[in-house]
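Have a look at the structure below, then the notes.
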Amino acid sequence: MSRVPEAFAAGPAFVPYLAVGDPDYESSLEYVEALARGGADVIELGLPFSEPVAEGPTIQSAVVRSLEAGMTPERFFGFVEELDVDAPLVCMTYYNLIYRFGDERGPEPFVRRAAEVGIDGFVVPDLPAEESDPLRAACDAHDRDLIFIVAPTTRGERLERIMERVSGYVYVQARLGTTGARADVSDQTDASLARLADWDVPKAVGFGISTGEHAERVVAAGADGVIVGSALVDIVADGHENDAATSDVAARLEEKARELKAGARRGAEQRVPHPERT
Amino acid sequence: MSRVPEAFAAGPAFVPYLAVGDPDYESSLEYVEALARGGADVIELGLPFSEPVAEGPTIQSAVVRSLEAGMTPERFFGFVEELDVDAPLVCMTYYNLIYRFGDERGPEPFVRRAAEVGIDGFVVPDLPAEESDPLRAACDAHDRDLIFIVAPTTRGERLERIMERVSGYVYVQARLGTTGARADVSDQTDASLARLADWDVPKAVGFGISTGEHAERVVAAGADGVIVGSALVDIVADGHENDAATSDVAARLEEKARELKAGARRGAEQRVPHPERT
Amino acid sequence: MSTNDGKFGDYGGQYVPEALMPAIEELADAYERYAVENEDGFLDEFRCRLRDFGGRPTPLQRAERLSERYGREVYLKREDLVHGGAHKLNNALGQVLLAKYMGKERIIAETGAGQHGTATAMACAHLGLDCEVYMGTRDINRQRPNVFRMRLNGAAVNPVSVGRGTLKEAISETMRDWATNVEDTHYVIGSVVGPHPFPSLVRDFQAVISEEAREQIRTRAGTLPDSVLACAGGGSNTMGAFARFLDDEGVDLYAVEAGGSSLDVDEEAGVAPNSASLTTGSEGVLHGARTKLLQDRHGQIMESHSVSSGLDYAGVGPELAHLVDAGRVTPVNVDDDAAISAFHRLSQLEGIIPALETAHAFGYLEDAGEDLGETVIVNVSGRGDKDLESVIEETAKRDVKNAPDLDVFAGGTGGLR
Amino acid sequence: MSTNDGKFGDYGGQYVPEALMPAIEELADAYERYAVENEDGFLDEFRCRLRDFGGRPTPLQRAERLSERYGREVYLKREDLVHGGAHKLNNALGQVLLAKYMGKERIIAETGAGQHGTATAMACAHLGLDCEVYMGTRDINRQRPNVFRMRLNGAAVNPVSVGRGTLKEAISETMRDWATNVEDTHYVIGSVVGPHPFPSLVRDFQAVISEEAREQIRTRAGTLPDSVLACAGGGSNTMGAFARFLDDEGVDLYAVEAGGSSLDVDEEAGVAPNSASLTTGSEGVLHGARTKLLQDRHGQIMESHSVSSGLDYAGVGPELAHLVDAGRVTPVNVDDDAAISAFHRLSQLEGIIPALETAHAFGYLEDAGEDLGETVIVNVSGRGDKDLESVIEETAKRDVKNAPDLDVFAGGTGGLR
C-alpha cells in the first residue's frame, strides 16, 4: 500500500529529490537521511539513466557522477532497503530501466522489486499517459502510485487522459524546459494550478523551485506540495567539488530542507480558496 | 643579309645558346664572347619570356634570373649592339615578345629593330609554320632567316609546310620533351635526319646535347650542326650559385665550347653519305 | 506508406516528456494533413523545391567497374548528388517546409556527421527560418568542414560536451531545447528515429529515393533489382531506399550497419565498439521510441562507435527494427577497416568519393556472396568531402592495402603547405 | 556551334611548340569526327555519362530571396550540383572520353582551384585512365581539400613551384609534360583557352549549360532572360552559359571577371593585382592562343591575382575576347571584397554556399543597375566546399559586414578542437 496519500493529507508537502548514488553510495545514504531529518514529507529518489532527456545540466551531472560510481538498478534497490527514513519514497527514473529490469520484458518485475524494498510510487519523465498502461497495471497490482507530470502545455483531452491515470500526486511542471534551479517562479504555475483545480489529487509543483520564498509563493498559489531537486543537487555538487566532509554537506542539505519546508508552511497559511473554474 | 648560311657552309657548325642577361647583363656579355672564342659558328641568344613553355628546368631558371635582373627586349637589343663577336646571331624568343614590340601590333617592328642591331635570324619555339606568315614576311622584308624546329613527331604534310618556310637552318629537335641536358643521344635523331635528308637546308640538332661525344655522334649521323643550350646554362648557373668569378665561368664556357666544337669536327670526319630515301 | 498509430509491431510509440506531447500531437496532425493528404498543396511545393533547390531526381548509375569486379549488375543511386552532399536534405527540406506551414519560426536540429545539420541549415536559409544545431564536440572535431558550412548558412552550432559528445548526446540535448521552446520551435530530427510521427514522417520524405530508383531500374534494366543495399545509422537512407520496394517480395533488402572495431561489447566500460543495433542490440526505449538499442544488461545506453560519425548511434529507427524482426530486411555489418577500404575502392574505381557512412554499404558489396543476386542497387547516401581529414587519419593508422599514398598530406606541418 | 579554323576574329590560333602540333591536329580531327559529327555515337555516350555519372540536367532554380532583394526575377543555373561540385566535369568527362576514343592511355591536366583537377581525376577513375595533375604550390595551399580528392581518386598531383605557383605556371608545366609524352597522352585543358581545337572543344562540352538553361527558362518563365551572368576565369562556364544564347539578340551576356584588390597594375613588380584580362588586358599570345592578356609593356605576362584560385589567370578564352570586342559580351568585374561579401550573402539568403569564383557573379548582381532587366540567370559555376578555409581567412582579414562570426573556428589551435 502506498504511503504517499497520507503524506499529503498532513498539510503542504515538501518533496525533495536527489539522484541516488551521487556522488557515491555511502554519502548518498547520509544525504537522503538528512533530507528526512529536515522535514521531507515524500522523497523522490532518482535512479540514474544514461540519457536523462528531461534534466537540465545540474541533474545531468549528478547522473554522470552516480553512474561513474557504479550505480545500477539492483544497487538502487539495495540502497532503498538500507535507507533509514520514515517518509514515503518515490522512484524517479526513465522508462528503459523499468522496462529492461528482470528476466521478462515489461515493467512488472521492476515494480514488484521496488514494492518489496519499500518504494511507494514512480515518476517516469519519458512516459506519457499514452504509453503508460503496462506500468499503471503493474502499479495497481502492487498497490503503488504512478505520478504523472503535467506540463504548462498540457490541456484539454491530454489533461483528462493523465488525470484518469494518475495516483499519489500530480507533478505540476512549473515551467517549460528541463529541471534546474531558477531565480524566480513562473506565471505558468498559476495557470497550471487553475487548470487542475477541479481534480482532487494533490498537486505538487516542481521545476525550478530553489528557495523558501519560492516554496511559499507556490503553496500560497494553491499547490499541495513543492518538489525541489536541482537546488539540493547543487549542494551535493558543491560539496563534491570542494571535497567537503559528507557530514557538512548533509548538514547543509538538512538546513536547506528546513528552509523549504518552512516556506511551504508559510504559503499554506496565506492560502486563499482557489478561483472557481468556469 | 643573314650571315647564317655561310656559317654552315664552312663545315659542321657549333651553335651554342645562352639566355641573355643571365645572371646579369655584364656577365652575360662576357659569357657570350667566351663562346665565340671557343669556336661558336652561330650563336643563339635567348630573349627571356615569362612563360617559356618549351624549356626544361635549366633554361626556365636562367629566364627567371635574367628577368629578375631586369632584362627587356630593348636591353636585349642594346646587348646585341654592344656584343663584340663575329659569329652570326640568332634570336630565340617566344612570339608574344615579338608580337608586342613597338607601337604597331605585329612582328615587323621587332624584326626591323633586330636587323638594325645585327640579328641574323630567329627561332620562335611557340610559333608553328601555320601561324608564321606575318613573321616570315617581316624576315623576308629585312633579309633575315626564320629557323623552324622540326620535332620527332613532325611528318608528311607538316614537314613540307615547315620546309617551305624555313631558312638559315632547320632546328632538329633530338627528342620529345623540353630543352635540357641528357646523358645520351636519342634514336629519334637518326630518324629525323633521315626524314630531312632530301631537303638541302642545313640541319642542326638540338635538345639534350651536352658533351663532345654527343656532338660527335650527332654530326656523324648526318647533322650539319649541333645546338647546345642547357649544358652551357648549367655552367652559368653553377657559377652563379657558387659565387664564382665571371672570368672563371667564362673560361669554363670557352673550354666547354672547344670540347663541343671538337666533337662536331670529329663527327664530320666519320661522316658517311646519308642513306637514300625510298 | 501513409499514416499509422506510430507503432511498428512492438516498436515505435511516443516516449517523451509530457511537455513535448502537445507538440508531437500537433506535428502528427500536420503530418497527416500536409504530408499525407497534401493540404494546401504541401507535397507539390515540396516536390518542386526538392527538384529545383535539391537537384532531384538523382541518377541511377550503372557502376561499370564494380559490375565487372563483382560479376553482377551494380547500380548506384546517387544521393551524393543532392544539394549539400547527402540524402539528408530530402528530410530536412520536408520538415523545415512543414514547420513553415505550421507557423513555426525557429528550427532546431541535432547532427552527427554534420550532414543533417548542414542540410537543415541550408533548408532554413532557403526558407528564411532561424536555425540552431546541436552537435557533439567529438563530432565537431571529426567533421569540421560541416561545422563551417552550418555557420556560413547562418545557423548557430551549439557544442554538446556531455558523455562522449556524439549523436546520442546531441539528440538528448536537442530534446531539452525543444522541451523549453516547444511553442515556436520545430525539432527537425535527422533520421527515422524519435517519437511518432517522426519515423513515418522522415521515411515518407526519404521515400523519394526508392520511388525514383524503382522507376529508374525498371527503365534501365527492364527488371526490379534482386537486392538493395543501404547503410544504416538511424536508418533514414535505408528506409528511403527500401520503402517502395517493401511490397516487391523478390527484392532483398540489406541494412548495412557499422561493425566498428568489434561486435563485442565492454559492459564494464559501457562501450559497444560498434553501432550495430540491428545485429547485436536488444529491445528498449530511447529518444522517444521503443526500438533496438545498444544497452547494457541494466538498460543503460552504451556508447557506440564507428569510424563514421553518421552511423555512430546506439539506436535505430523502430520501423527498421520491426522489418528485421519480420524477416523483410536483413541486417548485416561492416567494420571500420572494411569501410575504409571500400571508401578507397569506390574513389579509385568509380571516381566517386563516398561518405564514410556510405562506404559501409560498399564494404558489404565486397564481402557478400551469391545471395545478392544478379542486379544490385547500392544507395550512395552521401559524398565524402566532409570525411577527407578523418580518412587521412584513419588510413594512416591502418594497413589499408588499396589506399593511395597520402603521407605527403599528413605531415606534421599540415601537409603540402 | 561546330568546327571552325580555330580563329575567332583575330583571336585564337595554334601557338604551340612544333612537337605538339601533330597531337593538336590529331585532336582537331577527333573533335570534328566524334564531338561534332557524333562518330561511333560519341555524343550519345557523352550525354549518357553526363546524366548518370555527372548528375545532369542541373536545375534552374528561382532564387526567391534574391529576387525579392533585387526586385527582379533571379534564376540560378545550378552547376554546383554537378558531380564534383562544379561545371568543370562537363568538359573533363568529355575530354577524357574523347581521349579514350582516340586510344590514349594517359591523361594530364593543369588545375588552379583544383576543380578541374578533381573533375579530371574523377573522370579518369570512372573511365579507367591514368591521370596526373599539375598544380601550383600556392594553389595547393589554398585548395587543399581538392588535392586530397585527386589523390583519393588515384591521380598523381605534381606541385609546380615556378613563379607564383598558380594556374599560369601549372598550364606551362602541363604543356611541357605533353610535349614530352605526346604520343600516348592527352592533355585535358580546363577551360576555353589554349590552342585550337581546345577553345571550341571545351565550349561545346560546356554548352550543355545554356542548352538546358534556355529550355528551362522558357518553360519556367515563358520567356528568354534579359541577361545572363557568369564569372570568367578562362571562361569555360561563361562560354557554356552563353553559347546557346549568342543568337538571341535580346539576351545581354555579362562576363564577370575578378577585380582582385585593384584594377591598377604594378609593371615594375610584374604584378596585376586582378585577373580582369577582358577589362584591362591587351592582345597577345599565351598558352597557344592569341587573346587578351595581362602583360607589361614588353609583352611579359603579369602575375595575376584573385582571392579565388579558379579566376586567378592572366589570360582568357579567345572566343570570349572576340565576343567582347564584337560587343556581344559585356565584361564587368568584381573585386575580392565584394566577392567575399557576395559569398556570405548567397550562403545566408539562399542556403547555397558558392565557390569563390561563382561569388563574383553574385557580386555583380548586387552592384548592377537597371541594365540587367527583369529576368536574370546567374550561373552557379560551383560549390564552395573547397573554399571554406580561404573564406575564413579572407573574412578575418577584412571587415565583411554580412559575415557570420567565424572567430571560434579560426583560432590558433585549429578551431574548435
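We call the chains A, B, C and D, going by the order they appear; numbering starts again at 1 in every chain.
By definition in this document, contacts are C-beta pairs under 8 Å (C-beta built on N, C-alpha and C of every residue); 3 or more make two chains touch, one makes a residue touch a chain.
Being a predicted model, the structure only gives us computed values, none of them experimental.
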Subunit D omitted: connectivity of the other chains: A, C | B
{"item": "Chain separated most widely from subunit D, comparing mean CA positions", "value": "A"}
{"item": "Rounded Å distance, subunit A centre to subunit B centre (Cα mean)", "value": "96"}
{"item": "Centre distance in Å when subunit A and subunit C are each reduced to the mean of their C-alpha atoms", "value": "37"}
{"item": "Rounded Å distance between subunit A and subunit D, as computed from the means of their C-alpha atoms", "value": "65"}
{"item": "Chain contact graph, described as a line, ring, star, complete graph or other shape", "value": "line"}
{"item": "Chain-to-chain touches, reported pairwise for every pair that qualifies", "value": "A-C, B-D, C-D"}
{"item": "Subunit C residues touching subunit A - in the complex, by the definition given at the top", "value": "13-19, 21-23, 25, 162-163, 168, 172, 175-176, 179-183, 270, 283-288, 293, 295, 297-301"}
{"item": "Footprint of subunit D on subunit B - complex, ascending", "value": "49-56, 60, 64, 67, 72-74, 94-97, 99-101, 105, 125-128, 130-131, 148-155, 158, 162, 173, 176-178"}
{"item": "Partner subunit D, residues of subunit C touching it in the complex", "value": "51-53, 55, 58-62, 65, 78, 80-81, 83, 85, 121-126, 128, 137, 140-141, 144-145, 147-149, 151-154, 159, 344, 347-353, 384-385, 388, 391-392, 404-406, 409, 415-417"}
